[in-house]
Amino acid sequence: MVEQLKKRFRLLSSIIEAFIKEPETVNYPFGELDLPETFRGAIVFDPEKCIGCGLCVRNCPADALQMDKKSRDEFKLIHYPARCAYCGQCEDDCRHGAISHSNRLVDPIRDPEGYVVVLHERKDETLA
Amino acid sequence: MIEGLLNLLFFPGMAFQVICALSFEWLDRKLLALFQRRVGPPWYQPLADMIKLFSKEDLLPKGVNDRVAGLLPIVSLASVLTAGLYIPVAGFSPSAFEGDLIVILFLMSVPTLAYYLAGILSIGIYSVLGGGRSLLQYFSYEVPFLIALSGPAIMAGSWSIEGIIRSQYLLGPFIIYQPLGFILAIVGLIGKLKRDPLDIPSASSEVVGGSLTEYTGTKLALWHLAMNVQAVVGIFLLINLFLGWTKLANPIVAVIVFVFECLILAAVLSATSAVFARLRIDQLAGMGWRILVPLALAQLAMIILMGV
Amino acid sequence: MAKISIPIGPQHPLLKEPLSMKVDISGEKVYGASLRLGYVHRGIERLAQQRNYVQNVHLIERICGICSHIHTTTYCHAVESLLKIEVPLRAHYLRALMCELERIHSHLLWLGILAKHVGLETIFMYTWHDRELALDIMEEITGGRVLHAANQIGGVRFDLDKDHIAMIHRTVDKLHNKLDRLLDVIENEPTLIARTRGVAPVSTELIKKYCVVGPVARASNVDVDMRRDNPLPPYDQLSFSVVTFQEGDALARTRVRAYEIRESIYLCEQILEDIPDGPVSTRVPRKVPEGEVIIRSEAPRGELFYYVRSDGTDKPARLKIRTPTLAALCLLPVQMSEIQVADIPVVLAGVDLCVACADR
């Protein structure tokens, strides 16, 4: 009988309990946001490890990476953060660990098509 | 004359009631948010909303009589402000006369009629539906509400609120003798204010905004203000009819007790709004006539028997 | 009273996604409705023919936000069976874990939406708060709350270590307690029951005639569940029960989904106990040999159907998707007769619309 009554008033007791506890919302952007390590945020690039193979470009679903390759030692890799889907496929495909995701959030972008980041540019020194 | 003008404009007239209305809206929204584990709006939110609405463009669909549509919110606001003039606040009642309870109840029904007319007037489909529902709802809750509110009047033997309060000085608060009447009065008040669980006319899932779907700008601000003042006037009325205490010597203590009772009643209204789902209009009509009216009549019979 | 026709959509407070419905009413009584879709059509099937199989995994994930993982799982199963490769068992278990978590989050979302339409906003806030627990698990292990990018052709892209497993156990226990509170409310709250009991009952014959699947069918005593009838691994080794009710009204549909959350919690615990060790993915060749395959699986809303045809290159020749919402939407105009205007939100919520899935 008491169990039945308790079940009937379950919602009322829940709201009184909620009134006593703290609210569950984060006052973003003034409060802290707790992102895990695995969150796929902005792209970070390590130019030392990149050899210009182009595997990351081949499988990008959003055409966010583009490579102008003239020879083995002269190439330019550019990245469009506005087109990027933050899926992590380039991170999986790169065999040398040059491109990866940090867990930083990307800032709002005002000019999507004009926002271009040159990730790696290597010029052929011998031909100068 | 000067005193009458001060009563009209400041206390317990326009300024006092408008401030109470904005505070009530904030209290209601904040309590609801805290019950739902959210943060809720800051204290100036209702005032900011009103100022923002005053600055918006005032549009109505083509073919709507603009002057009548503008007159309706003004009439409802005026009638509830006038009703509030005659309700004692913490024992202070500058203008009281025999029969003012009936006048107050009549004045508080004017906004419902105005809401219905506003729905019919703005020709949109959702407005017409909302307006029709509001009238159906009116027929379901008003009868038990009036019967419940005439209980204290019969027990006190007078149709003036001042007389009812004086009778409570002798007998004690009427809630002890008529708890059922108090509960019915609260249910009737929820229906009159069109709050959850009886906000059928303005159920946003079904009829986007009810009668007020097409209203914007200053007219909408006045409508919201009228509804909030109606809430405050209703709460004051209920406190005076059921929760009047023995005459307190110190007016400060009387004010504190009054404010405390207001807060309790506002919390009860917010809690019922959080706990119940919205009823359907046929369920409300069934509940109103099959359960509430017999209970109200039973309560009335008990009062008459007690008096004898 | 005269008959008028009110528009529900494309923009309406009821709808999360655009949909156009014209409902004929007279007073408070509804006579019928007509439906029009296509506002969220993005041409996914055509776009899929222009991208290679690896890029398509990410495209398919973006068909729907609520059931994104089951779409990619089914697609990966289809491509793996065309390639005739053996995916490690640990990958299957991890995929099933994410599927069940997704089912939990989808049903909790749906319960919140139903409560909001009925006027009980408190339950909306509480269920969406509990849903954050499931989303936090998914974010911790895969890196995304809604778009997980967890699947790849040949396996999965994430793995669980001891800390993750302990965290999942703790959170699933918390979810279990919160679910008990929710079930108490659904079974005992008088206003909620009064709004949903007896509303738009659908008979078993009507379900079979319109080929409706998912919880809507299970609420009308049609016992169909792809996880049991046509199981993809590892469901053939897991034990669970299929929840059915008989009445077929809105209350039955609510209870089906609420009890399915409990079954999903049990499945999560079983998966965590039985998960074998091993690799989580294998290497796959780039070009897929010619062939065609049909794969069916159980999305939160019902049976999901994928047909993939390949012609030997690295781009699919044809991809055809039939989502469960499409079948349920066909039933909607039939349900909209003999109800009241106040029941329209309840009926619409009972179908559990995911128009993005239906339109692709």
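Going by the order they are written in, the chains are A, B and C; count residues from 1 in each one.
The rule is simple: a residue touches a chain if its C-beta (ideal position, glycine included) is under 8 Å from a C-beta of that chain, and two chains touch if they have at least 3 such contacts.
Please read these numbers as outputs of a predicted model, since none were measured by experiment.
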Chain ID, smallest distance between chain and overall C-alpha centroids: C
Farthest-lying chain, centroid of Cα atoms versus that of subunit A: B
Intercentroid distance (Cα basis), subunit B paired with subunit A, Å: 52
Centroid spacing, where centroids are CA-atom means, of subunit B and subunit C in whole angstrom: 44
Distance from the mean Cα position of subunit C to that of subunit A, given in whole angstrom: 26
Residues of subunit B whose C-beta touches two or more other chains: 35-38, 274-275
Residues of subunit C whose C-beta touches two or more other chains: 122, 126, 129, 189
Shared-contact residues (touching 2 or more other chains) in subunit A: 11, 15, 24
Interfacial residue positions of subunit A with respect to subunit B in the complex: 11-12, 15, 18-19, 21, 23-25, 27
Complex interface listing, subunit C residues touching subunit A: 51-52, 54-59, 61-62, 122-123, 126, 129, 139-144, 147, 149, 152, 157-158, 181, 184-185, 187-189
Complex contact set, residues of subunit B against subunit C: 32, 35-38, 125-126, 129, 132, 196-197, 199-200, 203-208, 274-283
Complex interface listing, subunit A residues touching subunit C: 7-8, 10-11, 14-15, 24, 36, 38-40, 59-62, 85, 87-89, 92, 101
Subunit B residues within the subunit A interface of the complex: 31, 33-40, 271, 274-275
